[in-house]
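In the two assemblies presented below, chain A is common to both, partnered first by chain B and then by chain C.
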Partner chain A sequence: MILFKKLILFFKRESKLFYSNIVDLFSNILFFFLSVFVFVFALGTDEYLLKTIGVGVIWSLLLLSSTLNLRKFYESDFENGILTIIHMGGFSLELIVILKIFSHFIFVQIPFLISLPIAGLFFNLPMHDVYILFLTFIIGSLILSCLGSISASMNLLNRTNYSIGSIIVLLFSIPLIIFSVGINNVDNSFNSLINMLFGICLIFLGISPWASAACIKLAIRNK
Partner chain B sequence: MLLVNNLSFFRNGIKIFEGKNLSLFEKQIIQIKGKNGVGKTTFIEVILNLLEPKTGEIFWEGKNIKKNIFKFYDQSTFIMDKNTSTRELTVIENINFWKGLSNSQLSDDVIILLLKTFNIGKYYNTKVMYLSSGETKKLELLRLIIEQKKLWVLDEPYNHLDEFSIGILNQTFIDHINNGGMIIFASHFNPNINNLKTLDFG
Partner chain C sequence: MFKFLINPSRFNKFTDIILKPLFFITSLTLVVGLILVYFSPLDYQQGLTVKIMYVHVPSAWLSLLTYAIMTIYSIIGFVFKIPFGFIINKAIAPIGAVFTLLCLISGSMWGKPMWGTWWVWDARLTSVAILFIIYLVVIFLNQTFESRDLREKIVAIFIIIGSINLPIIKYSVDWWNTLHQPASVSKLSSPSIDLSMLQPLLVMTIAFSMIGIIIAILRIKAEILLRKKHL
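Then we have the complex of A and B:
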């Protein structure tokens, strides 16, 4: 019961932090839309071309814009020591990572869902494709949150090279891209690919708490 | 009671401190003294199991803290030399978070009274980023009373404080000891407290 109360407390704090930093989210979404515009203008007015490459382009841009703000994942909480205080308040580091991943998923990735149909409009995507994009992004964004957690916690160990975090995310998200864009090229039965994507999601949900917690532990020790 | 036995710590193969013993009973206060860079902060972090010692063991109420670390954390407050208040949240939001985290039953009236005693009552609904460094430090020290734990571990508690606040802090220490608490703090300041034991790091 006490643990449940503490979980609610944690999410309350995360939501308050999210509302006070909401400009970050807007700038992320703005970056996504601007890069969509850049693509549309660069490719010209060929309707058929836009339709064929649309899903792939949107997915790659989603990936890039979700790596923009990863530094904030743990850094401010780690710098001012509240992570240690939360740990001393009865949360194991693994639990903190899981909670952080879910709050990142809820507060950062879910708002991106709204921007998907609008981006689809620019590429003249049919409704069916937008629906698949929706479906894959709900699963894929959870994977992106896990990857973000891993790369952000690795960045705590390395204060000089921030771009390495984005490299880690891009490297591990290759299977994600393969399966989520691949669904579009399959005509009817995309169930198996969705299952595959879900499997990847579960793998990362299993790995990332331990990996991130180990990194945070090391970061506290090396400080 | 807290027992530390033959503790040593090495960082990257360099000795920070070696063979340190400490025993802290109820109603006792210990100051860790020493110059800069002798490992005062490191010693405190090792005691709290945030760093891994090379040799030595730490016991809390007769049990090795590694085996029941959350029981130990459940009875200790750690004040770092940095401010753990979140800058984007207001003073009262920070206090409510700490309160929930430590499961303390302090009423709101007491909290308002505490804020007024430290002269930061008017910042009740202000974001922490607009407070001065002294005021942020005072807010941080309020955590001692909010969390209502038995063991207080403090790292440089006197930094940024004016004389009036130092007086209040010393009085708080004395009250806590008289109520059966234990305090261990690192500082090179010489506070005016009776029965102060010191652990000299040279």
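Then we have the complex of A and C:
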């Protein structure tokens, strides 16, 4: 019962933090739309071309814009010692990582969903494609949250090389983008590919708590 | 007996003994291998370009083997708290990167006359390219953090996570329909490669791995000396 109360308090705090700097999320979404515009200007406005490459472009731009503010995943909590305090309050670091991943998924990635249909509108995507994009993004964004947790916790004490965190996320998100874009391109393989996506999601949900927890433990020890 | 694999001073003693004979054996196998490659028969389809295979295949095998060794040593170093594993991780990552690059370059040199392009977006090729990027990230991470203890452990965690790629590379030719030919030597029942081509391939593999071992020994010795100086 106490654990349940603590969990509610944790999510309350996360939502308060989220609403206090909601502008950050909006500027992230704005970046996504601007990059869509830049892409369209670079390719020309041929409707058929945009329709064929639309899903892939939207997915890759989503990936890039979600790596933008990954450093904030743990950094503020780590700097002011909240992580240590929560850990002392009876949560193991692995549990904290799982909670953080889910709060990042709920408060950062789910609001991103509102931008998907509008982006699909710009590329003239058919309704069916947008629907599948929605489904794949819900699973894929959970994977992205796991990867973000891994790379952010690896780079907690990294003061020199800022881009290596984004490199790590992009590196491990290659299978994600292959399968999630492949759903639209390959006919009659919806079930098998969505099962593959679920499988990748489960793998990363299994890996990321202990990897991030080990990194955070190292960072706390070396602070 | 195998304590030299996890103990730096034993390692130094052991390698001091074997280093000079190793130089001799390596040069011998390399010369013999090159002669065998020179006299090996031409392929009836590929002609002379089949000889690129004698560089391509050993370096591909060794790139995978180096990563597997790094994974094992990261697990040893991280779980059993043996720091020698981290020394080896740092020392042999560039060797693996060079072997992977050699594999990619020789492969694309073979691909230009045979397939008609330098690069195909094929499962095997792409996964090996990702392996190369993983090696580069390992090398970069080794230069990044200030505290050495933190750095080597984070590199070990990254290597363990990145080892997901190894089975993908190995089975990529079986899982997907690729342009790259499937494994022909390691089929247990009967290798589908002729003996006259298998012999130089194996000799070249031994020579390549000997070269890798010599460079690795020298790099590990240098790393041990560096750490002793800092302590």
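The definition used in the following text is that the second predicted complex is superposed on the first by the 221 of 223 C-alpha atoms of A that agree within 3 Å, B and C clash if a C-alpha of one lies under 4 Å from a C-alpha of the other, contacts with A are read in each partner's own complex, and residues count from 1 in each chain.
Definition applied: contacts are C-beta pairs under 8 Å (C-beta built on N, C-alpha and C of every residue); 3 or more make two chains touch, one makes a residue touch a chain.
Because the structure is predicted, anything quoted here is derived from the model rather than measured.
With both complexes brought onto chain A, simultaneous placement of chain B and chain C is permitted, the two fitting side by side without a clash. Once the two complexes are overlaid on the shared chain, A:Leu68 sits clear of chain B and of chain C alike. Of the two partner chains, chain C is the only one touched by A:Ile150; chain B is not.
Once chain A of one complex is fitted onto chain A of the other, the partner contacts of A:Leu218 are limited to chain C, with no touch recorded for chain B. Contacts of A:Ser20 after superposition on the shared chain: chain B is touched, whereas chain C is not.
Of the two partner chains placed by superposition, only chain B is touched by A:Gly81; chain C is not. Looking at the shared chain after the overlay, A:Thr160 reaches chain C, while chain B stays out of its contact range. Once the two complexes are overlaid on the shared chain, A:Phe172 sits against chain C while remaining clear of chain B. Between chain B and chain C the least C-alpha distance in the superposed model amounts to 6 Å. The interface of chain A with chain B does not overlap its interface with chain C at any residue. Of all residues in chain B, only 48, 50-52, 70, 73-74, 76, 78, 80, 82-89, 93, 97-98, 100-103, 127 touch chain A in the complex they form.
Residues of chain A touching chain B in their complex: 2, 5-6, 9, 13, 16-17, 20-21, 76, 79-82, 84-90, 220-221. Of all residues in chain C, those touching chain A in their complex are 130, 133-134, 137, 140-141, 143-147, 149-150, 153-154, 157-158, 160-162, 164. Against chain C, in their complex, chain A makes its touches with residues 150, 154, 157-161, 164, 167-168, 171-172, 174, 203, 207, 211, 214-215, 218-219, 222.
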